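Two complexes are shown next, each including chain A; its partner changes from chain B in the first to chain C in the second.
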Partner chain A sequence: METPLFTYPFSIGLMFIVSFLLVVTCIWLAALSKSDRKLILKKIPGPASLKAIGETFMEALLHRKIFRKNPVLGYMHTSLAFGWFLLIVVGHLEAAVHYHTFSFPLWKSIFFRYAEPAPATGFAGHFFATSMDFLLLLILSGVGLAYYKRFNSRAFGMKKTTQLKVGDRIALTALWLIFPLRLIAEGVSAGLHRNGSFLTQPTGNLLAAILPLPLLEKPVWWAYSCALGVFFVAMPVSRYMHIPVEVLLIFLRRYGVRSQKHVNGYTRVQVFSCSRCGICLDSCQMNHANIRNTQSVYVLKQIRGRRLSDEQLFNCLLCGRCQKDCPVGIDLNDIRITQRIESTAEYNSTYDYLKNGPSPQADVVYFAGCMTHLTPSIKKSMQKLLNYAQVNYWFMDEHKAPCCGRPLIQAGQLEAAQKLIANNRDKIMQSGARTLVVSCPICYKVFSEDYKLPNVRVMHHAEYLLELVNQGLLPVHNSPKRVVYHDPCELGRGSGIYDQPRQLLGQYVELITMKHEKEDAFCCGGSLSNIKISMQERDRIRDHVLEEFQQYRPDQVVTACPLCKKTFTKGTEVEVRDLAEIVWESVSQQIIAAQPPVKQLEPEEVPS
Partner chain B sequence: MNAFGFKLIEPRSIDFDQFDGRLLNEILEKEPSFKICLSCGGCTATCNAGTLIDFNIRKMNLLLRRGEITGLAREIDKCMLCGKCMLVCPRGINIRNVIMLLKKGLVQYRNENI
Partner chain C sequence: MSKPKKVITIGGGVAGTEVSSLLAELGYDVTLIEKNSQTGGKLNGWSHLFPTGRPAAQVAEFLQHKVQRNSFKTICQTDVSQVVFGNGSFLVKTSGDERLPADAVVISTGFDIFDATRKEEYGYSVYENVITSVDLENRLKAGAPITTAAGNKPCRIAFIHCVGSRDEKCGNHHCSKVCCVTGVKQATELAKQLPQAEIFCFYMDLRMFGLPYESMYREAQEKYNIQFIRGRLSEAAENADGTLQIKAEDTLSGRPLKMQVDLVVLLVGMVPGKNTAHMADLFELQREPNGFLQTEDPHLFKNRSSRKGVFLAGTCTGPMTVDETLDHARSAALDIHHYLQNK
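Up next, the complex of A and B:
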């Protein structure tokens, strides 16, 4: 049998997308650093490859993470991805069994029912025909759900769905048509040759009853082939690039390639891996301030099209809520910071006025941070607690010290931040201290990640106070106060510290569990990472968070970040406290209680 | 006069031939909250960089509004972007955005050699 003309759209589309993918993969790999490429070559023969295959199966085909988000949404993705994958694999096996060889033209397996009009015979023939129909039914159920999702995304646990661009619409239409057209084409062939199974044969019989099938056979197969061809050709300009690129991403990640502080091949791979599923839209708190075009999915889209504006790039709290929900696992925060670094590279400060004096020697360096200086009761509590526990400490920024550098990094001014980092690092190392205690999670993040302080433990005061309590240096006393604990973004999602603050609080107050806490915690809205947002918009985000706190009727709202404290204090009547204040309040009461009562003098006893 | 404890102050009249309002207008357009600044100086009082070196963010605001943008680039480089100014501002002005816009604008003008 000669190759029918109608297979050409499919073949051309397939050849186009395969060569396109090979070329871009080479470009991306070439844009990785030399060490990354060496790492990949070294790890390809190892267990990382097997793990990557496993992850590809679990995430790119079965979509385990989307199942966790919503079962119906998960089923939709699994039926399409895994169903299609099996349809291709089983289709090939069917053809291979039929021809007793694996070397047959590709079109014969894709258009098998046309190529082999004879009805299936024997056990294998029936088994494959039934399986293929079952798989087609599975995929069609997914496509049906996809149609429905366009009209009612709420049924899939999603409040919002992404806005599509032209390329997406073409590819989406083609994708939606592929499987119904396959059903019709196979149905028509079944109606003519009786080679269908439980799904295609009844379809064929039905069509035969109302339509002149001999005239239709070629046109419907043409339509099916064209839908496939259009889908392949539209893929590079649509979101469906994520299908092949996500696999590449999984492999690179398993080989140990990580986001860098500059745009490289890995950044491009991550950007193209975004499926624009829109799950990040629901996590984003910018919605509460009615800001609807700066979410990660839109920023990645603009990076891909190289049309990103400063307004979109900098209007983000970098809270990381989208990142933990992303089913592809893209480093959304890192990508945004990298873009900010590139966007502001031209005007980094030098800070050549910074001087380095001798540092006093101490066991512990205490760095309060700029924000803590605006909430003085936190630093006072810390000073008193450190004094009470008789810690030999040096209050590094008591009078004057440069900022930690994190706000600069968040704004993209990496080179400038390095200057501050170098200055502060010298001072800390000179002091000979083995522990650095910070009161601000923003500082904590940069000290622990970017400072590279050998032999110095960087601790947030929540961790350090807990250590002092465990060593018996601070007394504990449980009061009946009911409090909610707000996880600061940089401490929680940013640094993974969830338990220590809770353990510490548990010693002093009664902690209420909330719906949105730990990884799901909200951002207070005060984040320094957002350069563009107005104060009024910040207030709206904050009020939304406070509303949740109010539902639990807490006596106090406790947090571990001076900026969160300052933000919340302005918006609520409820007392807002830092962990350190809670601890000091309790310790100071115990000190007073332990003192012998002062005898009250009666008025007549007062010496005149 | 200086020897007698007096300070000679240069004339502070605005020379409209030298007035360069491009940057100011651009910033006001992109960060409208800057319009309502009342020059209270709270930002300068809390400024972190100001404790380390002579740096006056309120003065930069005045210079910008007077259209005197030469020399601003060197001054604004002292800012560490820590955000304290923004938190103490009684009018809720997004000062960090003003500074970033200023830095970006100044580089653009420098690149255009104007």
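Up next, the complex of A and C:
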């Protein structure tokens, strides 16, 4: 049989998308650093590739993570992606078995029922015909759900769904048409040639009863092929680019490529990997302040379209809740910070007034941080505890020291931050200390990730106090107070420290377990990273969090971040404390209890 | 003559006692509900009043005389627990299980003092030598000499204006109006008591709105050598010897400033009282964005709430001096009188 004309839209579309993907992949790989490219070349022949294949299967086809988050949504994605994948593979096998070879023109497997009008024979023929119908049915059920979701996203446990642009509309319409058209095309052929199975044959019979099939056969196959072709051509300007690009992302990630502090090929790959599933919309607390256009999915979309406004870019808490939920595993926080660095005119202070005298020698350096200086009770508790445990420490920023640099990085001022970092790093290294203790999770994050302090352990005071307790240097005493522990974003999701604060706290008070804690913890709303939000909007975000705390009727709200403490204190009558304060309160009470009682003077003895 | 109409006053501070006295004098059947054990409100804790320097106790005594003369019913240590709205009348239920009918209600629940621990960076209740203007006033009233926590005479004292007022971060946008002049008054009193001490006031801008206030301010500078520095305090830190290191920016010279002082006095602002908020809920009244009760018209009907028959007197509607509170209470009495006459 000659190649029918109607297959051309499909073939041209396919050729287009394949060449397009090859070109962009090359461009993106070229935009990686040399070391990244070396890394990839080195790892391609290794186990990383196998793991990437496995992950592609689990995530890009089976969508395991979406399943976990939301089974109905997961089924929709799986039935479409995995169903389509199998349809291609099984279709190909069917053709290969039929022709007894793998070398046949591609169109013959895609349009098999047209190419081979004879009814299926033998076990293999029936098996394949039934399987293909079954797969088509599976996909159609997914398409049906997708229709339903567009009109009723609440049924999926999702409050919002993303808005569509022209490219998306075209691609979406094409995608929605592909499978119904395939059913009709195969149905028409089945009606004419009786080569269908349990789904296509009855469809064909039904159509035969009402329509002049011989006239229709070519046009419906044309329509099917056109839908495929349009889908492929519209793909680069639609969200469906995520289908192939996510695979690339999985491979690059497995090869060890990571986000940098500047936009590179990996950033582009991540941006195009977003499927706009909208899961991140539901995670975002900006909703509580009625801010609904700055969430990650929108930011990625605007980066793609090069239309990102500062308003959107900076109106975000960098709390990381969306990143934790993103099924594609995009580094949403890093992308936003990188983008901020790119879009910010550098603050051009030389900081040459920063001088470094000789640092005193000490075993431990204590860095309270700017925020802790605004919550002096935390600072004071730490000083008392360190003194009590007789730690040989140097309070580095007691009188003056620059900021740790993290807030500048979050605001996009990387170069300025690096000057502060260099200054602080010198001081720490000069002191000869092996441990750096910080009271603020924001500082913790930058000291442990950006400072490069060889042979120095960076510890948040939650970890360090726990160590002192475990070494017996601080007494413990359990009080009957019931408290909730609030995980600060930068310590929890940002640095993965969930257990040490709880272990420490558990020795002093009774800890209540909450619904939203650890990875799912809320942001207090006070985040320094958002420089666009108003105070009233922050308050709404905070009040929402406090409402959850209230449900557990705690005696105290405990956190491990001066900023969280400040934020919550303003919104509640319940006592808000930092871990260090809880420990010091308990230790100081025991010191008092251990002292011999003061002798009471009789009234007449009172010296006048 | 028919039975006198009934008025309930909620809150027995300066405004509540004054409005009750006047209405009783006009022949109404007044009941005053006070949550504390004693009427008189915060005036009882003040030492001397600006701008005259008259002992607060004298004014309190005058008001008390009026109360006694007009002998209306006062229920102390009682809260309002529920309100039932009738047709132009009210039924007020109290925590003491009383059910009091009323033809009109006056809300005079006043203000609360801003809780300075919410501004932790200033170190109140963390550092012993950080006190509030209310603490200072109470100490002045008690007649005790003003010392540091260690019992020494303070050599350097800093007054900090606008603590908890005009501060978005505290959620309070409003100016509390009275603290600037209170600061001038207290600084002058300290200068008299401790002539050797250096006294500084850190302000954003000085609001000397009353006729004699400007002269008080001038006198504070010229006669008592009090130094006024335009700049907002950023934080206070404690030195090992208990003295305080304060950081601010001198916004006139544009330079960051650090200073060591022995005593810090925070001029705490006025915030809508908890009880005021409670009344707004019970009576379903509109509040201003800053939380004070909304008046029916800011020019013409400053004693009427958003609900007919519920009147407002004093600082539940916003910051006022003692004198202004008395004026507001008196105009409330007159407004209620007209209302009840025409009812």
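Criterion: the second predicted complex is superposed on the first by the 602 of 608 C-alpha atoms of A that agree within 3 Å, B and C clash if a C-alpha of one lies under 4 Å from a C-alpha of the other, contacts with A are read in each partner's own complex, and residues count from 1 in each chain.
Note that in this section a contact is a pair of C-beta atoms (placed from the backbone, for glycine too) under 8 Å apart; a residue touches a chain by one contact, two chains touch by 3 or more.
Bear in mind that the values here come from a model prediction, so they are computed numbers and not experimental data.
A.B. asks: Overlay done on chain A, so just call it for chain B and chain C: clash or fit.
C.D. replies: clash
A.B. asks: On the A-aligned overlay, A:351 touches which partner chain: chain B = first, chain C = second, or both, or neither?
C.D. replies: So A:351 only meets chain B here.
A.B. asks: For A:569, select first, second, both or neither according to whether it touches chain B, chain C, the two together, or no partner.
C.D. replies: The second partner, chain C, only.
A.B. asks: Residues of chain A touched by chain B versus by chain C: which partner has the larger set?
C.D. replies: Result: the larger residue contact count on chain A belongs to B.
A.B. asks: Should A:535 be classified as contacting the first partner (chain B), the second (chain C), both, or neither?
C.D. replies: Both chain B and chain C are touched by A:535.
A.B. asks: Using the superposition on chain A described above, determine whether A:104 touches chain B (first), chain C (second), both, or neither.
C.D. replies: neither
A.B. asks: So in the superposed three-chain picture, is A:380 touching just chain B, just chain C, both, or none of them (first/second/both/neither)?
C.D. replies: second
A.B. asks: Between chain B (first) and chain C (second), which does A:388 come into contact with in this model arrangement: first, second, both, or neither?
C.D. replies: neither
A.B. asks: Who does A:411 touch here: chain B (first), chain C (second), both, or neither?
C.D. replies: Touch status of A:411: first partner only.
A.B. asks: In the overlay, one of 41-49, 77-85 or 95-103 from chain B clashes with chain C and the rest don't. Which one?
C.D. replies: With chain A aligned, chain B clashes with chain C through residues 41-49.
A.B. asks: Would you please give the residues of chain A that touch chain B in one complex and also touch chain C in the other complex?
C.D. replies: Residues common to the chain A contacts of chain C and of chain B are 373-374, 399, 535, 566, listed in rising order.
A.B. asks: If we count contacts the way the header does, which residues on chain C are in touch with chain A in the complex?
C.D. replies: Listed in rising order, the residues of chain C that touch chain A are 117-118, 120-121, 123, 126-127, 168-171, 235-238, 245.
A.B. asks: Which positions of chain A touch chain C when the two form their complex?
C.D. replies: Interface residues on chain A, with respect to chain C: 373-377, 379-380, 399, 535, 539, 565-566, 569-570.
A.B. asks: Over in the complex, which chain A residues touch chain B? Could you list them?
C.D. replies: By the definition above, chain A touches chain B via 310, 314, 344, 346-347, 349-351, 353-354, 370-371, 373-374, 399-400, 402-403, 405, 407-408, 411, 413, 420, 528, 531-536, 563, 566.
A.B. asks: Contact residues on chain B for chain A in the complex?
C.D. replies: Residue list for chain B touching chain A: 33, 46, 48-49, 51-53, 77-84, 87-88, 92-94, 96-97, 100, 103-104, 106-107.
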